[in-house]
Amino acid sequence: MNWNVYLSGEIHSDWRQQIIDGAKERNLPVIFTSAVTNHEASDAAGDVLGAETDSFWRDHKSSKVNGIRTKTYLDKCDVAIVRFGDKYKQWNAAFDAGYCAGVGKPYITLHDEDIIHPLKEVDAAAMAWAKTPEQVVEILDYVTRAR
Amino acid sequence: MNWNVYLSGEIHSDWRQQIIDGAKERNLPVIFTSAVTNHEASDAAGDVLGAETDSFWRDHKSSKVNGIRTKTYLDKCDVAIVRFGDKYKQWNAAFDAGYCAGVGKPYITLHDEDIIHPLKEVDAAAMAWAKTPEQVVEILDYVTRAR
Amino acid sequence: MNWNVYLSGEIHSDWRQQIIDGAKERNLPVIFTSAVTNHEASDAAGDVLGAETDSFWRDHKSSKVNGIRTKTYLDKCDVAIVRFGDKYKQWNAAFDAGYCAGVGKPYITLHDEDIIHPLKEVDAAAMAWAKTPEQVVEILDYVTRAR
Amino acid sequence: MNWNVYLSGEIHSDWRQQIIDGAKERNLPVIFTSAVTNHEASDAAGDVLGAETDSFWRDHKSSKVNGIRTKTYLDKCDVAIVRFGDKYKQWNAAFDAGYCAGVGKPYITLHDEDIIHPLKEVDAAAMAWAKTPEQVVEILDYVTRAR
Amino acid sequence: MNWNVYLSGEIHSDWRQQIIDGAKERNLPVIFTSAVTNHEASDAAGDVLGAETDSFWRDHKSSKVNGIRTKTYLDKCDVAIVRFGDKYKQWNAAFDAGYCAGVGKPYITLHDEDIIHPLKEVDAAAMAWAKTPEQVVEILDYVTRAR
Amino acid sequence: MNWNVYLSGEIHSDWRQQIIDGAKERNLPVIFTSAVTNHEASDAAGDVLGAETDSFWRDHKSSKVNGIRTKTYLDKCDVAIVRFGDKYKQWNAAFDAGYCAGVGKPYITLHDEDIIHPLKEVDAAAMAWAKTPEQVVEILDYVTRAR
Amino acid sequence: MNWNVYLSGEIHSDWRQQIIDGAKERNLPVIFTSAVTNHEASDAAGDVLGAETDSFWRDHKSSKVNGIRTKTYLDKCDVAIVRFGDKYKQWNAAFDAGYCAGVGKPYITLHDEDIIHPLKEVDAAAMAWAKTPEQVVEILDYVTRAR
Amino acid sequence: MNWNVYLSGEIHSDWRQQIIDGAKERNLPVIFTSAVTNHEASDAAGDVLGAETDSFWRDHKSSKVNGIRTKTYLDKCDVAIVRFGDKYKQWNAAFDAGYCAGVGKPYITLHDEDIIHPLKEVDAAAMAWAKTPEQVVEILDYVTRAR
């Protein structure tokens, strides 16, 4: 069987690519999905439906369009990787983790040691906490191929 | 019928009390629940089960004990109010919102205008966005008593 | 046991009151809930959260606030009565019927004979079709009290 | 992955074909399903099971046969497009939208600006509102292929 | 806690009354519900909605009205007792048992030894098979009061 | 898409083969599943696990083994055909229909006119009632291929 | 609100009573339920339905009768306490824990340190691990009454 | 269709291989999944995420990593085989059985006669009890291929 792995969270470093490359090198039976990671494209996702003058509604409209994709991929994935970086609020990553908890989908967090405390509720409902993309690849290798 | 309303998020301002007081003044048919909001007590929730030397596991243990309460109250509430303040990461608030989305529970966000953009995914799945506790009380009044 | 009955749809005739009065006269073990039926109040439900210049977003905001109430009452009811009158589009009534079908909640439609054809999909998923409020009361009487 | 998209609603204009053609031109990974859109065939769906003299029961029988198809396709789709035109009651379209809301399936509405107000509850639970088939194609393109 | 017990099946002997009396004598914390057991009333449940000339549709209409009650009571019960007598087809009893299996509701069958073989699938999904109403009362006593 | 159709009920006439042949002739996109229809094999399904002296337990054991298959196929099917013949009790057919109703799976009944009354509850929850295998094939053709 | 707490597992020490007494002393808003803890009564739960010569079927019958109670109480509880002692296999305790995990019900394990390793999968899905009944009472106190 | 069969429990005898070989010999349409059965690898599953000094947390971390795999395979399987040997506690096997019961997944137990009594609750919720791997293969053959 192929495993569907959803990559959620931070879009300002290349952690997704590192995991994808690592999985490819090891030839893991894994298919990756993700939100749209182009920041500008993501913010403008709803613009095609008509311009908004109020920034709240522009964000609202784009987020709902993006939600069609993220909800579908989250619902179909076998496990999600939720990444928290050192910048920005990243509430969407925590939201995705909560969504996973709500629907009973296992997820792995990926973050540095210095944000353990504010992430304690998110980590408490996770199946694992990784510090590096390489660790995530190791776990995916073990979970999908060990005997 | 009495409405169960869960108050999630920020614990450094008195927004919970303002909502509770407002609802009491108007005699709304509402019962409020909440996570433990005493920060020290919450961080120490698991200590009674044995001390931990590693702070990750202390947080982990306490968060799981707190999770017994928060998951139960969230599952039983009719609507959640999720508050984001201007300090700290507040990933647990976003996590609660995501959990609500996952189990199909309506929620209202409560936050200032300056964090609209980072909260766009959380707001997009919410039923309403309020800027003040008084607005939340107004909405609760309308939802539970209008005819 | 008390039965929770949700009254959905048309707000321009007194069908709700007729059913409520009929149930009261017979002393049926029934509790009624409903959306807010004051048209102006309902359209303005979200105004307290801030004025909107764009009518789409005003409607959107108010409808979501109303949705907190309607979804909660629908989820808690034992049976819904969905009324279609001879005026207006009444898509919200058909929407409520579809919602009931989606969550497996039994509902009864209430409408005249001349709109049988356009309502055929809505009637096909209903447990009964009544033509008068009195018939609804009779059914509620039978369902809750016959032996 | 291929996306399953259900096309619900109006059958008197060629909006379905426009979306299907647009998706084909762009080579989108999308599979479309739909109710039977031949009006006469749809009305007669149950006739093979025996003629009915009462038009209510003929409609009832045909609608249930059609319901085998529509429920199955709705349950299997990833996203539904729900179209409201300017003629007829189209309660079945609103019913499908409500069904989607009930089972947690994302949907996009497609309608002109002049029916915003009567569709406010339907739009409030939608992930997007499009005014043209071309906009729907754009959204499908973004959701299924953006990176 | 009070236990809700649904009594399904045969209406031509007094097994329901025997169980209700037995439970009352022992003062068990049990509340009983049931379909309407007056045969004529049950067959005529839908007549108030208009006469039918075709007996299939008369049955259909009445069965759906009865279904509002039976589905609601089955969904709310903690355990169902499903009785099969020696006369008639009693497919509705087997249907109720299957419904219980579908929604994960425990049920006890009540029938004589001579119909073990045709009831084997129904018994296989049951939690117990009783031969007499007295045995059912004994089981209810044990389940609700033993320590 | 291929449709999975479960054929439940009577095993003493060739209705299954007629439907399968009819679907093949029309080249319908349909895959059929069924319980084991060899009566002796079905009754002996559990014998390999050890002989039983008590016929109740032999039936019980075999029915549970058969249940692994029937539950799995019912859970995976898109629509079930439930056949009632003129002989035997056929409670397992009614049980399967109830199971479908419990899990929200559409089903079609197949039976003669003379057993309408005892099957009224089973028919009331069905999507259609057919009198002949040919009618079932017609419905499957329409549902899976009409446009 | 009152919390429903299910006490699962070992029946050879007085841990249940210690927790119940501790909760009573502190006047906690907690209601306790449990399987029948009288070993002989529990083993004989099905005897009233007829004697069995084969011990497997006697156990089977009694376990199913007990299952009516345990499944109902587990489904209704807010949190379960699952106790593992130092004697016997106690597979039923591990089964209850697995059931909780399957339906998303939080549970706390209660066991000594020397069986950490064989219980690792059970503990991994638990919300907390307590070593003494007193610790369980402390956690219940915190969860139900802290502010 | 291919059947997914999850093999749970004892890792100290070759029962898995016997079942897999038996199924291969008969060319059954069955795909097997399993937890990682290399004891050392399984205990060390979480080590890649960082060493732990406390054995409870090492076990916890590894069990959660293993849980990503076991939960996913259990959720995807059509039927589970749960094996209990004569050594060790094997609480994880009973936990898997309970999980299956919680999510409504059929399972077959595989164990010797001398542990019938302590396994009575686990067997009571099972679809079959086998004593040898060969019997399991026979059942799989019957369930997947009989006609």
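In this document, chain identifiers A, B, C, D, E, F, G and H correspond to the written order of the chains, with residue numbering beginning at 1 in each.
In this text, contacts are C-beta pairs under 8 Å (C-beta built on N, C-alpha and C of every residue); 3 or more make two chains touch, one makes a residue touch a chain.
Predicted model only: the values in this text are computed from it and were never measured.
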item	value
Labels of chains that are neighbours to chain C and to chain G	B, E
Any chain in contact with chain C as well as chain F	D, E
Over-half contact-pair match to D-F, picked out of the listed pairs B-H, A-D or D-E	A-D
CA centroid of chain G to CA centroid of chain H, Å	23
Euclidean distance of C-alpha centroids - chain F vs chain H, Å	31
Where chain A and chain E are represented by their mean Cα positions, the distance between them in whole Å	49
Residues of chain H touching at least two other chains	64, 67, 129
Contacting chain pairs - touch in the sense defined above	A-B, A-C, A-D, A-H, B-C, B-G, B-H, C-D, C-E, D-E, D-F, E-F, E-G, F-G, F-H, G-H
Touching residues on chain A, where the partner in the complex is chain H	1, 3, 78-79, 106, 108, 127-131, 135, 138-139, 142-144, 146-147
Touch list for chain A against partner chain C, complex	52-54, 57
For the chain E and chain F complex, residues of the former touching the latter	55-56, 59-60, 62-64, 66-67, 70, 84, 88-103, 113, 115-125, 129
Complex contacts: residues of chain E adjacent to chain C	31, 33, 36-38, 41, 45-46, 48-50, 61, 64-65, 67-69, 71-72, 76
